[in-house]
Amino acid sequence: MDKSMLADLDSLPEADKQRMTVMIDQLQIRDSLRMYNSLVERCFSDCVDTFKHKSLQKQEETCVRRCAEKFLKHSMRVGMRFAELNQGAATQD
Amino acid sequence: MDKSMLADLDSLPEADKQRMTVMIDQLQIRDSLRMYNSLVERCFSDCVDTFKHKSLQKQEETCVRRCAEKFLKHSMRVGMRFAELNQGAATQD
Amino acid sequence: MDKSMLADLDSLPEADKQRMTVMIDQLQIRDSLRMYNSLVERCFSDCVDTFKHKSLQKQEETCVRRCAEKFLKHSMRVGMRFAELNQGAATQD
Amino acid sequence: MASSPSALDKEQIFGMAEKEMEYRVELFNKMTQTCFKKCVDNRYKESELNMGENSCIDRCVSKYWHVTNLIGQLLGSGRPPM
Amino acid sequence: MASSPSALDKEQIFGMAEKEMEYRVELFNKMTQTCFKKCVDNRYKESELNMGENSCIDRCVSKYWHVTNLIGQLLGSGRPPM
Amino acid sequence: MASSPSALDKEQIFGMAEKEMEYRVELFNKMTQTCFKKCVDNRYKESELNMGENSCIDRCVSKYWHVTNLIGQLLGSGRPPM
């Protein structure tokens, strides 16, 4: 999540600006915790399919690592492209 | 989302009634924004499957339009049927 | 949801402890309502597939009952195993 | 101090009301999504719901409602569990 | 009483801003999840995105953006519906 | 003014605690849903969990826990990322 996605705070009075900042921080914390949860769920679902052992097998661990790394790279790329589109839309207005 | 689904405000004191109204308005805003997001996701997932171009192709656009229109009609129908069932349950009490 | 999953309140001043307790209660209410909703959705999706009648057919009802019972037993078991793992992790720290 | 509800009590009452409303909205949304998947052809050849889809939707809502009540009973009451 | 916004009005304004931000975060997350499913091979044979995946992602984001705007228009405005 | 935490600071502390608890509840719910899908036969021929399902559930929880920790490490700490 990128701060630029959220709100333009410059026009607000000081007290409201502070309150808005706290709100944005809270949303960012919630967002990164949710992202963590859905990353775990996705990589678990895609990589773990047999339940003969209690512990993660070597190839499952490799799969999970790659899945997580790929997802993070993907997510950054989406963020960059999305920011460009938002930028473009903003300058067209 | 239908206001009748939510709460009966007549029995509350004025200040609480106001606060409850604000709360219901907030829930309705959040609900319609979420509905918008899931409509976009559903119609995108069902209609867009090839990524050889950056822009939406003609038949993809047609598909998205129909998908959105169908979903909105569907959603209204579900709302009507659901309200009838709630009504029936309320008068049985 | 198990209270032990949440927070250690003993170190807090009285007023904060009270506020925290209210917050935890609210989260538990929301959690059980959500659990109820997703249980309905899962058992409906798995058990109901024909729409020639308005009312639930006998074998659909049986399926829904078993689905709900199995899910609740499953959920309790997951809770127990999860608590053990959390316990183990806590004593290792 | 004992006769009128404290600020915290009020918080709790409003919180409960809010959770209950969130629950109903979520129930409605899940039902809408689920019945759309079960009843509406996702190739979208037209923008109208046809007769078969419409009657499927009506029955789907009715059955969803029954399942909601049935599971509510199993969980110990006609209402959602607290 | 009329000139400065009441506490309740302020609640409403902050509430609106919060809902709008939640909406944008959710839009971004749904787009990310959906484009991952559409573009990235879920066998995870390596930890880099390959060229095909990268160009698919770029186009997916672009198309998702178009669908968002298209549906926004259908719902009566360029902005999300209130 | 400097020694005791301001109302806003308190808001932040309570907000953090709330987010952290929401996170744990969501983790538990996702794990429960995922292991149900992976381990329990969705034809529901009986209302008891059989031996195979039970041992699958135990292992599924254990593996889910390992994946949670593994991804936590990848993201830079044993704890969820802030």
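In this document, chain identifiers A, B, C, D, E and F correspond to the written order of the chains, with residue numbering beginning at 1 in each.
What we mean here is this: contacts are C-beta pairs under 8 Å (C-beta built on N, C-alpha and C of every residue); 3 or more make two chains touch, one makes a residue touch a chain.
Nothing here was measured: the structure is a model prediction, and the numbers come from that model.
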| item | value |
| --- | --- |
| Option reproducing the contacts of A-E, where over half of them reappear, out of A-F, C-F or C-D | C-F |
| Centre distance in Å when subunit A and subunit C are each reduced to the mean of their C-alpha atoms | 26 |
| For subunit B paired with subunit D, centre-to-centre distance based on mean C-alpha positions, whole Å | 12 |
| Euclidean distance of C-alpha centroids - subunit B vs subunit E, Å | 17 |
| Residues of subunit D touching at least two other chains | 22, 39, 58, 62 |
| Of all residues in subunit C, the ones touching two or more other chains | 19, 34, 38, 47, 65, 69 |
| Ordered ring members, subunit C first, subunit F second | C, F, A, E, B, D |
| Residues on subunit E engaged by subunit B in the complex (per definition of touch) | 8, 11-12, 15-16, 19-20, 22-23, 26-27, 30, 34, 38-39, 55-56, 58-60, 62-64, 66-68, 70-72, 74-75, 80-82 |
| Interfacial residue positions of subunit D with respect to subunit B in the complex | 14, 17-18, 21-22, 24-25, 28-29, 31-33, 35-36, 39-40, 42, 44-49, 53-54, 57-58, 61-62, 65 |
| Of subunit B, residues touching subunit E in the complex | 18-19, 22, 25-26, 29-30, 32-34, 36-41, 43-45, 47-49, 51-56, 60-61, 64-65, 68-69 |
| Interface residues, subunit C side, partner subunit F - complex | 1, 5-7, 19-20, 23-24, 27, 31, 34-35, 38, 42, 46-47, 63, 65-67, 69-71, 73-75, 77-79, 81-82, 85 |
